[in-house]
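Chain lettering (A, B, C and D) follows the sequence in which the chains are written, and residue indices restart at 1 in each chain.
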Amino acid sequence: MNYTAIILIPLIPLAVFLVLGLFNRKIGPGVSGLVGVGGMLVSTLLSFYTAFEYFMVLGKVSGAYPTLVESTVWMNFTETLRIDMGVLIDPISVMMLIVVSTISLMVHIYSRGYMKGDEGYTKFFSFLSLFTFSMYGLVLATNLFQIYIFWELVGVSSYLLIGYYYTKESAVAAAKKAFIVTRFADLGFLIGILLIGYYTGTYDFETLNNPEGATLTHWAPASFMGLSVLTWGLILIFIGGAGKSAMFPLHIWLPDAMEGPTPVSALIHAATMVVAGVFLVARLFPMYFFVEEGFALQIVAFVGAFSALFAAVIALTQTDIKRVLAYSTMSQLGYMMLALGVSGYEGSQGLGYMSSMFHLFTHAMFKALLFLCAGSVIHAVHSNYLKDMGQLRKYMPITHLSFLVAALAIAGIPPFAGFWSKDEILVAVYQQNTFLYVVGIFVAGLTALYIFRIYFGIFWGKDNTYEHRPAESPASMTVPLIVLAVLSATVGFIPFSEFISPDRAGFDAHIDIPMAITAVAVALIGIGIAWMLYKKESGLATRLTDRLGVLYTWAHRKFYMDEVYLFVTKNILFKGIAAGAAWADRKIVDGTMNLIGNSTVLFSKKIKGMQSGRVQDYAMAFVSGTVILALLFIYLWTS
Amino acid sequence: MDILSLFIVVPLLTVLVLLTARSLKQARMIALIGTLVQVAMSVNLLFAYLRERAVSDELMLFTRDLVWFRDFNIHYSVGVDGISVALLMLTALVVLAGVFISWKMEELPKEFFISLIVLSTGVYGFFISLDLFLMFVFFEIAVIPMFLLIGIWGSGPREYAAMKLTLMLMGASAVLLVGILGIYFNSGAGGGPLTFNILEIAEVQIPVEAQKLFFPLTFIGFAVIGALFPFHTWSPDGHASAPTAVSMLHAGVLMKLGGYGVFRVAMYLMPEGTLHWSWFFIVLATFGVIYGAFAAIRQTDLKYINAYSSVSHLGLVLFALLMLNKTAWNGAIIQSLSHGFMTALFFALIGMIYERTHTRDVTKLGGLLKVIPFISATYVIAGLASLGLPGFSGFVAEMNIFVGAFQHPEIPYRIASIFAVSAIVVTAVYILRVVGMMLMGPLKENSITPMEKATWYEKTGILLMLLPIIGIGVAPLWLSEMILESIQPFIQGVL
Amino acid sequence: MERIIFYALALIMIASALASVMSRRMLRSVIYLLFVLCGVAGVYFMMDYNFLGAIQLTIYAGGIIVLIIFSVLLVHHIEMRMEIAKTSKLLFTGLACALGMAVFLSVIYSYEFEVTGQSSGTEVIDIGEKLLDYGEGGFILPFEVISVLLLAAMVGAIVIAKGTALAENKNENT
Amino acid sequence: MIEGISIYELLTVSTILFFIGVYGFITRKNLISVLISVELILNGAAVNFVVINKYLYPEVLQGMIFSIFIIAVAAAETALAISIIINLYRKISSVEVKEVETMKN
């Protein structure tokens, strides 16, 4: 393998970030766009080159894809614990390289058109590069701490990009919320790292994940509340992953994050950063699977399933198209988690793992496409809301077709990409747990319903009168759409199970015909309902929502999760604890100190009178002093 | 003249020359040259240290010993190890930055710079002293000018703040003096003469009962200046009233004397006392870490926010020191450096913002990124560094502290570390709150007036502190190796 | 017999002394003081220090008391009652004095005095000789010092008593 | 030496006198009364001198002569004090101790 090439992949965006960031105001928009796209292009080519080298040239070594590690010490903690910086090449990291490069390149190109004329154009590209660099670092990480470092960095790039329109209050609030919620989750992650580091003595994925290694054969060095400490560590790490991947109940930041520019939503909040949580669980999959017979993995599965359902229901009721897509993302991420959660380890048992990665891959393509299309639409009509759209297929044919491809892909209609991965997931879930399978298939139907609801709402539906006649976006925006549409339609045919499986050996996956038919039928039903309700503007939808009443309101208000959080943070943390601490500090702690000071002053005022100049007082002091001294001497002498 | 005594002589010479200055221009030029020489000296010291360390395995290098007071066996005794060298560099850089930030100090400039440099002399002396008494003398030299600097050049209720700060620090040094004398009078336990020399005392086993008695005194004496909860209340008021450069120097350097003293005197000389008392002070420190962060959330005055943030961050230093292992100690020292640069940077930026908007109330500010982009962007970076973002020194320090603290074999200590770790979330909250309210969002009245962009001296001052933060954050290995090497003998002494 | 006389004297002295410091009428308190002084003189007589007793009677009981009475009459109305200090202060002072007394007495009683036997009485001539003796054991120097002191005190008393008047005169002259 | 009376009894009396004087000195608010108390103290001390002279060292006269000196000094002191008091009375029409404090200004 050519390590120079691999190491260059993250370093090029870093260099771009530094150049654009430092000379922010000296570089014109034209140059910065070119530098950004050029840098990304080189990175992408290198990524594909690496993938080719790894899968095709190097291939399997003794029946499994090898793990290649190249690292250098960054900081030493103790004799055993240290932070390395390096690259780890294995099937999933190579796959992630492809995903990140492809999407990032497309988004870079798209942004040249989308952000045209924005005053922070150069800044925007530098942030994008920072994000891409961090994401590369994350997927290539060789150990828990390295992944944590880049985890934080993607978090901050996300913060900067969500808050890109920093004069908008809502954007600032959303950025803050995203950062703090994920930071809270990262707290779990960090504590998990500390726990695992303490009990296993290493942060290296290689050592931790080795099925024959000491960690996995002796997974219970100590227990806490009936569970192995390693299980606790893994649960805590999953909390970190859940925060980034917007799993219930840490999902509340994702819909708000749509305040960022749309290309950002496509890149960060749909395709790459939010899958970091899934990637993290996959990265530690052997640990999740072997420690305590996969107890933590069960939690992953159930949280994933619930989030998938929860988000899909909310997505049905939202009117902001980006928010619909955000909840859709959350729902699909839930799918991936669910698939990971039900996966086995060896051979075709690893179907869940493989399908999860597969879905991650296809989802990145079609979800990025959906966002970019949405961006294109928003660009044209200057609004995020369904009510301002309708009949747009007449004005924006390329966008329309791309969106349709993506919608079909996410709904799981063959032969589009989503069908293949989703089918594998459902098969994997069905093998493990029927209940979760029912949830999964129900969510599949909901997915088709909500995505076609906005599809019909945007491109069909009522005939809006537009102030400015909407026009198709410029080439810089439509070219990425076309590329991604082609990818969304075709990537499903990649034989993923050959390349990716938990034990790296690969296996043969095949379509389970009855399962596939069921899934497609459910999806078609969903599409059909959407067609009935939303194709033409009819009162049907509103009547239905009225009929559902409370249920609809609840879903529309996102089950009041924001309000709950607001209550907890504002009333309990902010007004309760923080205000309490501030008050206590001024009044009690400082008050005590001031009291000491004041009582000293008071005391001195009192005893100031002793030096009164009155002979009698002195005499009194003299007598008392003499008496006391005499007593003292007597006592000392006699004893 | 040996290389260390220069650190006392050069500032004093600068002060002497400053006495002849007749205008602001002259005063600041002299101060600038003086502090530049100090920075050059500290860089030179760093390289000399690295060269010397390669060939010598003495505990302290460049030692020098002159009898000062024969009757009490007080010596002028100096020497450095990696920790002192790092802290000396911090001091030199922050003082230099402080001179840049005070470029336009119109009011009594000569006296201002003199006080500033006297203060720095005390700090230098403290870091190089190997004699407890000498150390104490320098400690006092460092504290006294604060009173003048806040009382004369301060703002707001400055007399109150100056008085409070000085009284609390003086109270602390009274306690400290008792502790030091306690050490002194027990230093003859090995049969030798009574001595103030740290290295000599370390050879002697101070009786355990005496250690139990004098450790808390010494610890509290030092920890007050390190803003240990609940003795931190001088710091918000003091910082809020102090002029910019003084806040920088105070928070950036002076508060580091606490951790350094705890490490070098209290813990090194009284290991049994440390073990006996550590749980108690860990509770205080952990509480302080979280409490400071929460208190910072509610403040509206920028300086108060930063002061409470310091309480939280320096709480971590003491917390890490008490965890008694070298990873945590390494983290504590790096945290001292990192916090020194970060908080000095913050105060410098706050000073600049105040100069332009005439308010420090975050609720009255908004959208500053638009009007003063350089200062605001630096503020964002400083904020991110402060909340422990990787790539900045704060992350390196905190991770060392957390990993180190988590290596403690006893479970309650590890639970305490989990509490301390949780402060990173609260820190994020108050930092982002300020950034969101003050720098982002729509412009508010105070921000609309056309504002001067950052001037060259302001930028220089900012960069002087920003570069080390990033430098340590990106490549921590050499620094942590240098510190670890110096910690090694201490950890053997204590454990 | 002498015992009875002594005890009577002691009783009178203590009672009068107490009355003297507690009486709220100043003239009475002076008179009580007179009793004390006479009692002391009595003790001197009992100890065969006749000269001393005589001096005590003439100078103290005669001179000083008269002086004080004059001043009292000058500055006070006879019937005027003096204000006294706060009860707490009285109590506290009383306590301190009682304590001090206890300490003194306990020391005195715990000390073994070596009382020598009977001695001859003292003649005035002995005293005179001793006072004017400049040899060993003579008191010529203290005697002279006391003389000078007395002189200085007299001059001082006159100056102070006349001070303002003189100053006023001066002022008038100029 | 008094027949049948030990030194202890005499010293007790003098001590009592002394402390009564001290008590008066501290508690009385009037300058003349203070003066009276001082006289008591002086007398207590003088008796002490005499008694110790008589009982322990009868062959010398130190104690007695000191008593004579005390009497002399007392006389001088009284004279001075009285003159001051009278002078003061002329100025502030009071001989209360607390009034005298105004002199400090």
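Methods note: contacts are C-beta pairs under 8 Å (C-beta built on N, C-alpha and C of every residue); 3 or more make two chains touch, one makes a residue touch a chain.
Labels paired with UniProt names: A = NADH dehydrogenase subunit L; B = NADH dehydrogenase subunit M; C = NADH-quinone oxidoreductase subunit J; D = NADH-quinone oxidoreductase subunit K.
Bear in mind that the values here come from a model prediction, so they are computed numbers and not experimental data.
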(message) I'd like the most central chain, judged by C-alpha centroids against the all-protein C-alpha centroid.
(response) B
(message) Applying the document's contact definition, name the chain pair with more C-beta pairs in contact, C-D or A-B.
(response) C-D
(request) Tell me which chain's centre, taken as the mean of its C-alpha atoms, is farthest from chain A (NADH dehydrogenase subunit L). (result) C
(message) Measuring centre to centre with CA averages, how many angstrom lie between chain C and chain D?
(response) 4
(request) Using mean C-alpha positions as chain centres, tell me how far chain A (NADH dehydrogenase subunit L) is from chain B (NADH dehydrogenase subunit M) in Å, no decimals. (result) 37
(request) Can you check how far apart chain B (NADH dehydrogenase subunit M) and chain C are, centre to centre, with Cα atoms defining each centre and the answer in Å? (result) 70
(message) How many angstrom lie between the centres of chain A (NADH dehydrogenase subunit L) and chain C, each centre taken as the mean Cα position?
(response) 101
(request) For chain C, jot down the residues that touch at least 2 other chains. (result) 93, 97, 100, 104
(request) Enumerate the residues of chain B (NADH dehydrogenase subunit M) that touch no fewer than two other chains. (result) none
(request) Indicate the residues of chain D shared as contacts by at least two other chains. (result) 22, 26-28
(message) Touching pairs of chains, all of them, please.
(response) A-B, A-C, A-D, C-D
(request) Spell out the residues on chain A (NADH dehydrogenase subunit L) that touch chain C in their complex, using ranges where they run on. (result) 620, 623-624, 626-627, 630-631, 634
(message) Residue numbers of chain A (NADH dehydrogenase subunit L) touching chain B (NADH dehydrogenase subunit M) in their complex, please.
(response) 73-78, 81, 83, 145, 148-150, 152-153, 156, 159, 163, 166-169, 171-173, 175-176, 179-180, 183-184, 186-187, 190-191, 194-195, 197-198, 574, 577-582, 585, 589-590, 592-594, 597
(request) Would you tell me which residues of chain C are touching chain A (NADH dehydrogenase subunit L) in their complex? (result) 93, 96-97, 99-100, 103-104, 106-107
(request) In the complex, go through chain B (NADH dehydrogenase subunit M) and note every residue touching chain A (NADH dehydrogenase subunit L). (result) 164, 167-168, 229-234, 236-237, 291, 294-295, 297-299, 308, 325-327, 367, 369-370, 384, 387-391, 395-396, 399-400, 402-404, 406-407, 414, 417-418, 421-422, 424-425, 428-429, 432-433, 436, 439-443, 476-477, 480-481, 484
(request) Could you pull out which chain C residues touch chain D in their complex? (result) 2-3, 6, 10, 13-14, 17-18, 20-21, 26, 29-30, 33, 36-37, 40, 43-44, 46-49, 52, 55-56, 59-60, 63-64, 67-68, 70-72, 74-76, 82-85, 89-90, 93-94, 97-98, 100-101, 104-105, 108-109, 113-116, 118-119, 122, 126-127, 130-131, 137, 139, 142, 146, 149-150, 153-154, 156-158, 160-161, 163-164
